[in-house]
Amino acid sequence: MGWLSSIDVLSWIVFLPTFGALAILLLPSAAKRAIQRVAFGAALLAFALNLWVYLVPFDRTKGAMQLVTEANWIPGFDIFYRVGVDGISLPLLLLNTLLFVCAVPASFTIEKGVKGYFALFLLLETGVSGVFVSLDFFLFYVFWEVMLLPMYFLIGVWGGPRREYAAIKFFLYTLVGSVLMLVALVAVYLDAQPHTFSIPKLQELAQRGALDGRHLLENGILLGLPFQTWLFAFLFIGFAIKVPVFPFHTWLPDAHVEAPTPISVILAGILLKLGGYGMLRINFPLAPQAFHDAGTFLAVLGVINIVYGAFVAMAQTDFKKLVAYSSVSHMGYMLLGFAACTTWSVNGAMLQMLTHGVSSAMLFLIVGVVYDRAHHREIAKFGGLSQRMPLYFGLSTLGIFTSLGLPGLAGFVSEAMALAGSYERFPTFVMISVIGVVITAAFFLWTIQRVFLGPLNEKYATLPDISAREVVSQAPLAVLCVALGIFPVIVLNWQGPAIAEFLRLLAR
Amino acid sequence: MSLGAYLAVAAALFVLGLAMMIARRNLIYILMGIELILNAANLNFVAFSRHAANAGTEVALRGQVFALIVILLAVAEAAVALAIVLHVFRLFDSIRPEDPDLLRE
Amino acid sequence: MPPGFGHADLLRLAAIPLLPLVAFFVQTLLGRFGPRKGDWIPVLALGIAAVLGVVEFGKVIIQKPWDPAFRAEWPGLFDWIPGAAGAKASFGILYDNLSATMTAAVGLVAFLIHLFSVGYMHGDRRYASFFAHLSLFSFGMLGLVLSDNFVSFFVCWEVMGLCSYLLIGHFSEKPSAAAACKKAFLTTRIGDVCLFLGIAILWTRLGTFRFTELWEAVPRVLAENGGAYPGWLVAAGLLIFGGAVGKSAQFPLHVWLPDAMEGPTPVSAMIHAATMVAAGVFLTARAFLFLSPEARLVVALVGSFTAIFAATIGICQTDIKRVLAYSTVSQLGYMIAGIGVGGIAAGLFHMITHATFKACLFLGSGSVIHAVHTQEMPQMGGLRRRMPITYGTMLVSTLAIAGVPLFAGFYSKDAILGSVLAHAMERRSLVDALPAIFLFVAAGMTAFYMFRLLILTFHGAPRDRHAFEHAHESPPVMTIPLFILAFFALSGGWLFGRSWFLQLGKGLPGMVEPTGHAAEVEHEAHGLALGGSLLAAGLGILLAFAFYQWKKLSAAAWAQRWGAVHRCVKNKYYVDEFYLATVVPLVLGLTAVQRWFDVRIVDGLVDGAGALGRLGAAISGWFDRWVVDGAVNLVGWLTQLWGGVARLFQTGRIQTYVAFGVAGAVAAAALVLMA
Amino acid sequence: MPSTYAEDLARILPETVLALGACAALVADLLWRGRETRRVGWIALASIAASLLALLRQDPAPAIAFGMVTVDGFGALFKVFVAATLAVVVLFAASAREMPRHGAGEFYFLLLSAGVGAFFLVSTTNLLLLVLSLETLGLASYVLAGFAKGDRRSAEAALKYLVFGAAATGVMLFGLSILFGLTGTLEAREMAGILAGKAADPATGIALDRFRAAGPAVAIAVVLALVGFGYKVSAVPFHWWAPDVYEGAPTPVTTFLAVASKGAAFGALLRFGAALLPPGGGEGATAFSGKLGHLLALLSALTMTFGNLAAVRQNNLKRLLAYSSIAHAGYTLMGVAAMNPAGFEASVFYLFAYYFMNLGAFGAVIYYARSTGNEDIGSLRGLGWRAPFVSVCVVVFLISLVGIPPSIGFFGKYYLFMAAWDSGLGWLTVVAAANAVVSLFYYFRIAKALYLVPESEAVAYHRPVPALAALLGLLTVGTVGLGLFPKSILAACAESVRLIF
Amino acid sequence: MERIAFALFAAVALGGGLVALFHRSIVHSAFALMATFLGVSGLFVLLGADFLAVVQLLIYVGGILVLILFGLMLTRPDPAERKVRRVAFVLTAVAVPAALLVGKIAAAGRWAAEEGKLPEPQPAARELGLLFLLKDAYLIPFELAAFLLTVALVGAVYLARQTPPPPPPEEPR
């Protein structure tokens, strides 16, 4: 327990929500207001701390890990409580804490088991934050898994009609992924000389080519394939499920559609990013050789995600499902950007995670607004909502145009950087990917047309416009949609040195 | 006689006991089978004991002690087994081993 | 940096696009709460911008009179995407003759359209946001013409796409408007991604986004490649042109423009005159250097075909705004074709003149629609007496577009026709001659349909008495812009136009001054073109009058007075009959075919991207359901099967258990013994 | 140094106390004419506590009492394990639905007697004592399984347990007899040297590497002996009895069988394994150890796979837990298959993990069965909302059973994976990992029934017995707390395993 | 002489076992089992374990077999049991020779170096008894065996005792 005394600001960010959850558990179930306030306060406090870290103590000129805290956790097993941030994790951490703040007001509509809901909700935040700050592979894994259960219940208990199916599907998929990761974790640990879980140390080892499985397998070969390939494959599948990469994506639409609005927000906004973050932090640097060999393969997957996701999204009749599939498409840019592995493409891919985090979160909130009022999400059954809900229409338009990559808004910068940066290595794939760009525009505009434009559906003539509470949820995201589009430097400057470091690790 | 001969007899008894447990349709047979198996083991122990006859009293008698204890054990087991069989018979009104099959997949 | 241009100019120039942008934000957030719903904010901003644009333009003319090489550049004003030296993307200003001209023209036209809208949109439900969007639209175009690199160019380009979407869909409760705005955005977006790819190629190969650096790099590349364009550059050039095809509504991506009429009339004016469509032409001019000779021919062919293609359609439209729309498409074809054959200056010149008279025409038609509340020409007629100002200004503009001498359109169209003719005469092949043929025919048609419009609307007897009775002249806020625009339509050609653009053209990258034989040919061609264009325009106008104004009787009189056109006189009735019996069906038929093509194939491709998408999506959905989910379910099913196997073993019979146990032991022993 | 009689007696004090406690419970019940069930329970609990106290106050130095009872840290650890289970079982028995009204004296007597057997089982390397303790544990367990006298299922369970157990011990005895014949000694520690040819056979005075000279005989003997252990820990293919018996026996008894009996059997297996095949035992021994390791690895893989797959279909909570406990035996075997100290440590640690999560699960079953009147998963519909405390605890246990951090089950699995892979059983790690996924299928059916399904009005809410609730809370805290900070248990495991090698 | 005795006793033991296994009547089987016990007892004598032989006679024949017969009487034999399963034949036909073979192989490995006659037996009955009194020898097994018998007794009594029909189990509603 010695490490508790040396707890630092990052740990506070991670564990503040846990304390919030504990406080909520101590409150009586009937005190809904109090519970909501505690949840909001905990999330807000974590965000404020995080923002402070982002602005004040973090030195953005450095690519190395900062604010590192290390404490021996399980002695004898080389397991450490090791946290720190760099330019890759810090923006994602900030996005995470922000989204949780936004999701709290959106959760006020929850009626059933409020206490349990918010406790799990805050627990989830701890899990996600923990993943972002972990510098120890074991700790990373622990936090990774901590997310699993709250998510299962949040979908399964507070979700839509098919929630059981969606929850178990989500759980199963992610568990498969994490089990593969666990196997890789054990293998990496045993192969590293000296044994260690420290991610930076493992990265250095891998970069030197020392993580080749020779301590674990004969000649580092298993069934004719080198250890690095196995390692890469196991980790990649583990993370790809989270992203989700085709063909591991089918859990996503189900989970999204069934999850309550705030959970969809978290799911799309931040949980998908964990996959990408894991690739960036662990998967690629730990198996650089295999990563280079698999570059084209990854790019193909990325392109499939982009185009396929967009086409499937177009076929959806459910607003939420459409947004869900658009996420599949958007994460394809990220994968493509990673695969190309140039400064621009990786920067773009990273930024894509953030911008998609903002825009998809906003879109889910938008869907939630209309669902709360009309109690369905069939696109075809709406129409002309812009006449009754002009403010809502404005926010929706902003979110949708951000998502379809309009210059000046957040989505464009990242997509453009990812695509332009990837062109150098994968010209053909980029050419194919732009089909996805067009289709994305097509289905989003078509959605706007059917939901907001055209003659008003008289059934919804009395719908009230978006409420103050809902605006509070969406406003920060809306601001970010614009701010990130015009001043992407507020992230790019932070992540740049860290990505340079990442590229150095991957240099052949 | 050679040791091998005793061992062979013991092995044969062991197999007969097993066969009796598996093949006969009466719980009593199963009890008999158990006794056969225990007897086979005992025969082994005593034969080995004899085999070490020249190695001093304690060593030479180890097997016999074991056999003695096993006999005691057989008694205890037989008692409990019979009690259970009777108990089952009372509840199921059958002595066939396949009749109690409430518990199955 | 040319002498005399300094920090103050930078501030003024930066203010030109930024004022409308600020106005947009202010108007969006606060406009509706302000007096007059804040309409004065964008108007004021645009007014200042226009003044600044004109002032700076004047400074260029005065301080650096007729210097083709004038170029002032302020790169890296705002680092957008940081990165290694050349790889970064930043916003900057490139102010040369071209952007100076464009800034002034766009600013002015946009300001007038704003002004006009104050009257036209009065009482609209979304009055406030309309002005906000209009303002953003202006920002897009002004920013675009001042961009010093492809990134900021593209950003503004897309911002215009968004604004066109918002503005065309202004009457969103109309399903047709809702569909039209989507169509506009999508169609142009197809072009946009081409442009994006083109930019990406250039950036990947040459490492920069800045125009000046790219222009310097291209000759280097050509030198390295033995003077020929390498494949990637050809591709990049064509892709960039693809962007122009979308924005400038060239065949086959022209379909959005006529539908864009669903928006309010000022928006149409904005799109057709000052912004959107001009952006494509501007882009083609900026990117001319990246176009290989073959690519330029493609450009010329696309442009000229679009010109004639749209003109034929324009002939048989009855909706006043649709006629104008097809006319725009057609005129854009002129510009593009002109640039394609190397007459960049001519194309740009036409763009500017066209901006003035087309804006005037649209605002005029808006005024008419405002008055009679219909867009169908057959229900109008005789409005001349009710709306004299509108009539007068529109007449001037029609004369200009028809190419009547002394009016602006005459000079610019003539320049283009000269260029294409020179091109044809120099190359002497059918393919190279096609642009010339198309454009001359189209010139005649232009005159014809424009006068047809004018006559049907303003001349003759009123066909709808009720509408006529209620029609009245528009308020000054609407007519003043008309006056101003008409003034330019009248004077744009000779006031500063022709010679200025000739000078301007010399400074454009990729421009080659014809020398020797080529120069002679060019001179000759321009002479021929003058006659040809006059002839075409005259014929068109005459035919129009013959058919619509004088009817048959008047047609005879016309034949007598103009003996020079003997053949036409002689075949007076015959032409009439021929027109009725053959040309009309032919033209109608042709139009029908084109319409069909338009609707079925092109529209089908664009709108039907949805259908295609749905088909693909249905297949994907199927795949999703059966293959991907199937795999998961298979696992579950296999697990269940395993459970069944387990049940087979777990019989509930104790003796079986013992037997299995013994078997297991034997197997285990065997394994250890064998190993 | 020979120890005195008194010292030796003191060394077996925990066992003695327990045995006396058993008798006391029996006599007390007779005296109270079966009317003071609760008090008898207190007597049992008190004797367990006394035994634990004696255990904890024992001289930590390893020693051998009466020539065959090894008293050391390893044994103590397992005795604590068994005693702690016994205590929990006593508590369970107080709240279980299916316990008969009469016979509390016999029940506690038999339970504690089984505990005595388990105590001896984990503290000897002597074959004779092994057989005797195994039988003491076994016979008491047979009767306990059939303890619900009016219940046919209970009787059937007793019968099946008896028949399979008797057969398995018989087979084992036969194997042990051969082992004895091969070495002339009953002490496994001595056997190791004789088999490896490092010490002379006491019978013949000849030293011979019997792993090589008598390979098949050794192999058969060891495999036959393994049958006995395999049956006791319910490893495939000697597990057949387990699902039926676990389902049919009263739940407290099932708990005892699944946790204490299995744990003690694992303790004995580890002790004998370490004694018989110590590292560096010579060429033949190493080769044999390798073979045996592979056999165990195979059994481990089969066991966990079979257990998990079969559990997927179950609708009865107890039966589901039975299969799950088979699967967990498979996991535990991973460490044994590694055949090295690290692996054994992992196994011991996993047993502790198993203790917390499985006892918790059984406790919940007892509570739910009282509320719903049966043990079907389907009848748990929405009970999570009515019985929040117990259900939250259950979810924690389920997490741990699946092996999701932060729980002791996760760390246990992780440790096993590492140990297995480190001794060249990478494939087993992969199999185990896949199994973890399969196990999710059925464990979370429980969570689903508790929370995801709409509530069923038919189920009345019973406040859990305070003792049971406190116990579940304690186990939950242990499951999470020790999962996060396993340091203390890890140290104990390492220390104890060091003692037996 | 020893050979003949061995053959006789072995034959009695195995023959008894075979008859017990295959005879249709369970009563006959029980008596055949007695023969086996006697045979094994004889083998014990041959091996020099006289005391054990006596114990075998007393306990097996006098105790266990009687118990089994009691069991027979207390239960009702099943008429279907008259048919002996073919399984048993197959098992025996395959397994007994296999077991003999394996026993032989096993023996050969271990005792190859010293195959031959067994050493002379030592008079051991007294020592056997004394062994149990040595502290370091068999004190604990002896005690534990006693305890085991108690456990068996209590258990058997509990199950066999005819309790008044138990009250219906309390079913919380």
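Here the chain labels run A, B, C, D and E in written order, and each chain numbers its own residues starting at 1.
Quick note on the criterion: a residue touches a chain if its C-beta (ideal position, glycine included) is under 8 Å from a C-beta of that chain, and two chains touch if they have at least 3 such contacts.
All of these numbers come straight from a predicted model, not from anything done at the bench.
S.K.: Would you kindly count the fewest steps from subunit A to subunit C, each step being a jump to a chain that touches the current one?
M.R.: The fewest touching-chain steps linking subunit A to subunit C number 1.
S.K.: Would you kindly count the fewest steps from subunit C to subunit E, each step being a jump to a chain that touches the current one?
M.R.: So the least number of steps between the two chains is 2.
S.K.: Counting C-beta pairs in contact, which comes out ahead: B-C or A-D?
M.R.: Between the two chain pairs, A-D has more contacting C-beta pairs.
S.K.: Starting from the Cα centroid of subunit C, hunt down the chain whose centroid lies farthest away.
M.R.: Checked the centroid distances; the maximum from subunit C is E.
S.K.: Hey, which chain is the most central one here, using CA centres?
M.R.: Per-chain C-alpha centroids compared to the overall one single out A.
S.K.: Averaged over CA atoms, how far is the centre of subunit A from the centre of subunit B? Could you give it in whole Å?
M.R.: 65
S.K.: So what's the Cα centroid distance for subunit A and subunit E, whole Å?
M.R.: 69
S.K.: Would you kindly tell me how far, in whole Å, the mean C-alpha position of subunit E lies from that of subunit B?
M.R.: Those two chain centres are 5 Å apart.
S.K.: Taking each chain's centre as the mean of its CA atoms, how far is subunit D from subunit E in angstrom?
M.R.: So the centroids are 29 Å from each other.
S.K.: Where does subunit C touch two or more other chains at once, residue-wise?
M.R.: Residues 646-647, 649-650, 652, 654-655, 658, 662 of subunit C each touch two or more of the other chains.
S.K.: Which subunit D residues reach two or more other chains?
M.R.: Subunit D, residues with two or more chain partners: 128, 132, 135, 139, 142-143, 146, 149, 158-160, 163, 167, 171, 178, 181, 204, 216, 220, 243-244, 310, 313, 441.
S.K.: Going through subunit E residue by residue, note those that touch at least 2 other chains and give them in order.
M.R.: Touching at least two other chains: 102, 106-107, 137-138, 141, 145, 148, 151-152, 155-156, 158-159.
S.K.: Mind listing each pair of touching chains for me?
M.R.: Applying the touch criterion to every chain pair yields A-C, A-D, B-C, B-D, B-E, C-D, D-E.
S.K.: What residues of subunit D sit close enough to touch subunit E in their complex?
M.R.: Answer in residue numbers: 2, 5, 8, 12, 19, 26, 65-69, 97-98, 100-103, 106, 109-110, 113, 116, 120, 128-129, 132-133, 135-136, 139-140, 142-143, 146-151, 158, 178, 181-182, 204, 206, 208, 210, 213-217, 220-221, 370-371, 373, 460, 462.
S.K.: Note which residues of subunit E are touching subunit D in the complex, please.
M.R.: 102, 105-107, 109-110, 112-114, 135-141, 144-145, 147-148, 150-152, 154-156, 158-159, 163, 165-167, 169-173
S.K.: Contact residues on subunit D for subunit C in the complex?
M.R.: Residues in contact with subunit C: 159-160, 163-164, 167-168, 171, 216, 219-220, 222-224, 226-227, 231, 236-238, 240-241, 243-244, 291-292, 294-295, 298-299, 306, 309-310, 312-313, 438, 441.
S.K.: In their shared complex, at which residues does subunit B touch subunit C?
M.R.: 18, 21-23, 30, 97-98, 100-105
S.K.: If you look only at subunit D, which of its residues touch subunit B in the complex?
M.R.: Against subunit B, the touching part of subunit D is residues 127-128, 131-132, 135, 139, 142-143, 146, 149, 152-153, 155-160, 162-163, 166-167, 170-171, 173-174, 176-178, 180-181, 184-186, 202-205, 243-245, 247-248, 310, 313.
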